[in-house]
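Next come two complexes, and both contain chain A; in the first it sits with chain B, in the second with chain C.
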Partner chain A sequence: MIDLLKTETARVLDVVDEAPGLKTFVLEPANAMEFSPGQFVLVSKLGVGESVFAISSDPSDTGKIAVSVQALGKNTNALHELDPGESVGLRGPYGNSFPIDEWRGKRVFVIGGGIGLAPLRPVVYSLLARKHEFQSLSLVYGARLPQLLAYKPELERWKEEMEVHLTVDEARDGWDGKVGVVPKVMTELALSPDNGVAVICGPPVMIRFGHIALRDLGFSDEQVYTTLEMKMKCGVGLCGRCNVDHRYICKDGPVFRMDEINHLG
Partner chain B sequence: MTWIVDDLAGLAAFLRGKGTVYAPVGDGGTCYGKLAREQEPELDSLTDVSARHLFQPMTHYYLKFEDQPNADAGFRDFDTAPRVVLGMRPCDLRGLEVHDRVFAESESYRKLRSATTIVGYLCPARESSCFCDSMGGDPLSREGMDVSLYRTDDGTYVVTAETDRGRALMDGAPFAPSGQAPPPKFAEADHPKLEAVGLAESLNGTEESDGWEDIGFACVNCRVCTYVCPTCHCFTVTDEVFGTEGGRATVWDSCQAKSFTKEASGHNPRAGKPERVRQRILHKYNYYPKLHGALMCSGCGRCIKGCPTGRNIVEELTLLRGGSRS
Partner chain C sequence: MGRAHDTKQEGWVRMKEVFIGKENLRRLIERWAKDHRVYVPVTFDIMNNEDTPDYELVGDEVPEKLHLAGAALALPAKSFIFYPREVVANYPSSEADADVTAPPTVIVGPRGCDVRGLAKFDKVYWSTAHFTEEYDDPFVIEKRKNTYIVSVDCTAAKETCFCTMVGGEPFAKNGFDVNLSPIDTGFILTVGSEKGETLMAGADDLVADVQQNHTDERERRRNSVKEAIDRQNAEFAVDVAYDKHELEGSADAWAYVTQNCVACGACNRTCPTCTCFLLVDQRAKGGYERSRNWDTCLSIGYARTGGGGNSRPDLPQRLDNRIRCKYEYSRDRYGLVTCTGCGRCIDVCMGRIDMREAVKHIVTEKAKA
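Take a look at the complex of A and B:
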């Protein structure tokens, strides 16, 4: 098993402050790494530890990958100390990806909550790169507070190219946009299940209520995709902790269509 | 080719000439260890701990540094010097089949496996916690053994080379060839029984069963059941530093530990004992069978023998299938 855990190195090219406690690290892998939206990597500092991160950059931006890191534990706090030019351990990409080709001709709704937009950002980039292939593209994104909305420059740019609805749980700092949790806004917007596909990621409670909102709007579970997060260590389906039923989230996921995971609880 | 061997000391001495020998050692044979010169293997009872650590080290630093962490820390593979594992029983070998399936894609594992020649030991006596027969096993099976070994009524041992690797190991054996070997000695005992036909399917849809509360009640989170098991294989990856030395290691882990699935945010999808005992039991008898078409249990009974609160997995499976505890 250990041979499957070998790490490569990557150089930190840029560090972007996204929100309090949230930084995006743009990395240049020593060996070029191609990935598809939804896949993840393990980033590490030797002597500290390895952690799993969804890749949050544009898949067409070859030679680079970005991960958005919220400082929560030992590893993520150590990563937050990194400066451009420093080196980290990197392995991956792992896991499956969003079946964007299958969504051609459809109305695509990307729905994110908080840091849950990280794995969806590559989806948005990929959708916009070929936007004429879809009937319509929309983003519904929310955070607890205005300052916690990630990727603000991108959100502004995307407003020019697609329908973008931003919301916060609590209006502060002169916020004059929508107020309310993401599932509530989805309902208010009356997202149409007609020829629609929804992609949702956020905190577990937001996914749960977002899924209920989509059902109430008439979306079938075959029309809804999500990416699951569980504690992972190996990333290659061996260490056992992300095992749910006969699946390993790291290997068979992290992307699932809702009808595939409903019975997983 | 079959030989009669008078005592285990002679066999061990011969095998030591072919590579490092690992066998049950300790008082009465508690676990597998390196067999020292003049040391005899203890084969009379099933070891308390399986041979898992010989194929999946408890701790293995695959990245190591001696003077501060650095990007050049080299990859350290398993030690693949030729070795012999003596005394593995049929239930241990069925456990090893699980590791062979799970780690099939790992070259490091395959190399370690091919550096190992297995001299298996046909079971001399059933113990009161054994249930290999319920799991489709046979205490006298030679499956997975390169060389088989058993004890006869008169106290001698019969050794048979079963595979090419086994024949190579026994090449030059100074023992008396046997034309007609006496049969193995096997002592029966009362033991737990369970109908295994349809077991995996019968557990479908039991996730929400009230039984998990009952089963989890007695658990004290000690994890012994997972550490003595020959089929368990979960591990963690951890970085450790001691002074200026340190590295990254794989270390055995257990689904029965609260920390196993606890995330940095504090969220834990398996925070309670019912969820954790459910994971262990369903992984073995429902999830793994869905993937591999076989149960992830060889019925060795070590989890029953080792549980400090007397939990019995055969009773628990019976309970889950709608029966009552015996």
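Take a look at the complex of A and C:
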């Protein structure tokens, strides 16, 4: 149990430039790490610090853990300097996960904004792996600019397997797809609450207005899931800082159904 | 041990009680010090305040000025089981595991509020014993197991004491290994646990039977301190039971409470139930080390995320979170109101923020709304 606060090392297998300031690190943990979509890990540039990241890789590939890192602070900037072959600290996985089994037979709408697609990417992988169990699968994903859309190769691949709607706030660089914020596109697409489940993650403002759009479309809060981000140090319900009321995001979340948290505004 | 005077009251474990004289207590402490680290409360002259009590490690001799009276010491008992800074991991080398061992230690002097405060640590850090969370913290558990709590009844109240407002009393009812109740001629010594029994093994020559007049005197003393605390807190009384608070107040109400707060975090550090920490990674010999450091939820960086996001950017939100953590969140998560009424946060606050006034203000403003 002492290892909970102790860091295992992982090797950097690959570094993918997703967008300006955003890199995905594919890590090979010293010991295979099984995880469920929605769970998170703590990754450290050794001796510098630790930061919490949603796992963004395919859960069926237990030999690898991918995290997408925006260079925002001391540790994340240090991580951005890493090259394949170097070591990082890794512990986890922690937190709860999306209840994908409960969504069987339903229309599942995955709704992401910007880097908010990271925790949803394992959800999409898992859904596609058992595609026939769901009535339908759709992705609505947007970013401020075309260059900020993450996971572009996957987005192309997913288009062949599910309904994919991409949008940008501002068309540039020859973008000829949808233009407009994600909540607006959701409304235009008239996502159906009938037998539907929506999973939404993105910047706080996008979650807020996305949630409002879903309500207007007729989704009840029991049909909407999200995953919350909060500063974490320990990841296991001890250090205190990720609390919302008496709940800890790291232990009681990060995944919540909207009716569990809607009083938070 | 002499023939024990047994007490059994509701909610108590069966406890043995004996009488011990003042000199014999010193001898008992001397014996403990042979194979334990023993901390005793002693009065010092600190900043021209004579008779300021603090803990001292017993060396070759038991200090002259033992302070087994008055109210709670400034240092909360948590400091002995949860260090202000502690290395919790050395990595990546597996050979240099962080040291979890804790030497056998006797702490003489915690009060009822301290002992009740330790329950929070057990809830958070010791799941297998308390079936709460899933985490067992080896550092806290080892210290908890090897630390003997010798609590002392309060014989006077500080003006900031309010334990009786939050379900407590100025003495420990349980949760101690040995308790000392000062009376004129010495102490009633109560053994409260198996660990306490091991401390008293072989001490029969130092103790005697408890007499009825001893227990009568203890009751008188305890009641008089309780009454003093009740009396001095009458002005802070509210209509809501201490364990039923819902302190979701208006932004204005919390801004009023917070107006003198400078986010120094002294309240967190002296609080017997503040368990939160910061992890710090740094280079160390042979690799890296991670230390666990007491943290304060009043600092702006406490909940700040990468990119500058912050769930509690404003100080009133943070003090709101701290006070509600004590009364509501701990209750809802652990079944424990974690304000023990020790008054330390009031004693140390340079802005003179008073927990009792804060709660009363929020409750009163809520009632008006």
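Just so it is clear, the second predicted complex is superposed on the first by the 261 of 265 C-alpha atoms of A that agree within 3 Å, B and C clash if a C-alpha of one lies under 4 Å from a C-alpha of the other, contacts with A are read in each partner's own complex, and residues count from 1 in each chain.
In the analysis below, a residue touches a chain if its C-beta (ideal position, glycine included) is under 8 Å from a C-beta of that chain, and two chains touch if they have at least 3 such contacts.
Keep in mind the model is a prediction, meaning the values are calculated, not measured.
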Three-chain arrangement built on chain A, chain B and chain C clash or fit: clash
Chain B versus chain C as contact partner of A:E156, first or second or both or neither: neither
Touched partner set for A:N243, first chain B, second chain C, both or neither: both
Partner chain in contact with A:E34 - chain B first, chain C second, else both or neither: neither
Contacts of A:K251 with chain B and chain C, given as first, second, both or neither: second
Chain B versus chain C as contact partner of A:G47, first or second or both or neither: both
Partner chain(s) touched by A:K233 [first = chain B, second = chain C, both, neither]: both
Intersection of the chain A residues that touch chain B with those that touch chain C: 1-2, 4-7, 9, 44, 46-51, 72-73, 76, 87, 89, 204, 229-231, 233-234, 236, 238-241, 243, 245-246
Residues of chain B defined as touching chain A within the complex: 56, 60, 62-63, 65, 68-71, 73, 75, 77-78, 102-103, 105-109, 207, 233-239, 241, 246-248, 250, 253, 255, 260-265, 267, 269, 279, 282-283, 286-288, 290-291
Contacting residues of chain A [partner chain C, same complex]: 1-2, 4-9, 44, 46-51, 70, 72-73, 76, 87, 89, 204, 229-231, 233-234, 236-247, 251
Residue ranges of chain A touching chain B (in the complex, touch as defined): 1-7, 9, 44-51, 72-73, 75-76, 87, 89, 204, 229-231, 233-234, 236, 238-241, 243, 245-246, 265
Sites on chain C touched by chain A in the complex: 88-89, 91-92, 97-98, 100, 124-125, 133-138, 275-283, 287-288, 290, 292, 295, 297, 302-309, 311, 321, 325, 328-333
